[in-house]
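Letters A, B and C mark the chains in the order given here, with residues in each chain numbered from 1 onward.
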Amino acid sequence: MVNQVEFNLRQKRRGVHLITDEVIQALPELPLTGILHLFIKHTSAALSINENADPSVREDMNRIFDHVVPENQYYFTHTLEGDDDMPAHAKATFVGSNITIPISRGRLNLGTWQGIYLCEFRNYGGSRRIVATIMG
Amino acid sequence: MVNQVEFNLRQKRRGVHLITDEVIQALPELPLTGILHLFIKHTSAALSINENADPSVREDMNRIFDHVVPENQYYFTHTLEGDDDMPAHAKATFVGSNITIPISRGRLNLGTWQGIYLCEFRNYGGSRRIVATIMG
Amino acid sequence: MVNQVEFNLRQKRRGVHLITDEVIQALPELPLTGILHLFIKHTSAALSINENADPSVREDMNRIFDHVVPENQYYFTHTLEGDDDMPAHAKATFVGSNITIPISRGRLNLGTWQGIYLCEFRNYGGSRRIVATIMG
């Protein structure tokens, strides 16, 4: 069985956002066993799985991204689209444009402390489009 | 065909560990052709594929993780769970909670020098739970 | 339906390379709906999805990789295979050895600005082998 749906996330500010509920609401009925593949159709935002409870994790993670890939480096040549653009591309490649989550007993089989993250690396990234493919 | 199994890895010290054999022993029979999806149900450890021969690669990789995301940064606010906690979350997002490996002729189709890594980012992470989903 | 093909990419210099066309030419006919899983059978190169238009993004991204994981660090012990070797392993784990792309209406469902990247982290990496698994 293959099922696929494409949807937009609501626009978010630069930072790390918990989107588990927003994703689940966009999905059709899940099979008993299988996988959910999520793919973001953009090159300056990314998807990840991480801690779902304490908002300070998401704040600190965003700060870490900014320290690992700082803006305004002397060696950047791709600078026309803003200071946040080239670091956003690099962060997107470090974090990744796609995640796959197991489905068990008809539900996403996430750990107790896991949630789905949208990492928005642009200052004004706009709405982000996701393709969800369910295989089971 | 979808098959799924959930299992615990034996507890490991902080660092990078080769778990190819431990994973294979936990798997049911594989289809001739397909994919194996591995998902770790934790937010401070990660899965990767890398060099399977020289232990010094895994030692150095762990040191690189600690240099890319150092502990005790002045801008951390999520500090109550220990100095290793927030860096562990960030490293987990950089490395990723899931990997997918092709299955060919009934076996994992890894390159000659590839093995499956558990990246344990906590000092005392305990046993880690994995969901393996086989599609073929 | 499962279909799988294994192929070599043409040898490339160290850096980030757009390989969307080279990959598509190696693929069999795609199903209407499904996923394409790409896996690189090496531990010092990686696959990613990123910007497909401006070559300066790929140049800068390669420079960022070299700044995040610099060569010749005092704490490296895995040094016998060249200055580029250990950083290449670490970069490969940060970027990842596999990507999965949705297939919709018989084509790869990439965003307008997305392409497939080979990140070649070795100075002389040789030809790289890819396993493409199509599920639909």
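As a working rule, a residue touches a chain if its C-beta (ideal position, glycine included) is under 8 Å from a C-beta of that chain, and two chains touch if they have at least 3 such contacts.
Values in this document were obtained by computation on a predicted structure and should not be read as measured data.
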Equivalent interface positions on subunit A and subunit C, same or different at half: different
Angle, in degrees to the nearest 5, of the Cα rotation that carries subunit B onto subunit C: 120
Centroid spacing, where centroids are CA-atom means, of subunit A and subunit C in whole angstrom: 19
Subunit A residues counted as touching two or more neighbouring chains: 68, 94, 96, 100, 135
Touching residues (chain side subunit C, partner subunit B) in the complex: 2-4, 6, 37, 39-43, 68-69, 73, 75-78, 86-87, 89-90, 92-94, 96-98, 100, 129, 131, 133, 135
Residue ranges of subunit C in contact with subunit A within the complex: 31, 33-35, 48-51, 54, 56-57, 59-61, 63-64, 67-68, 94-96, 99-102, 104, 109-114, 117, 119, 135-136
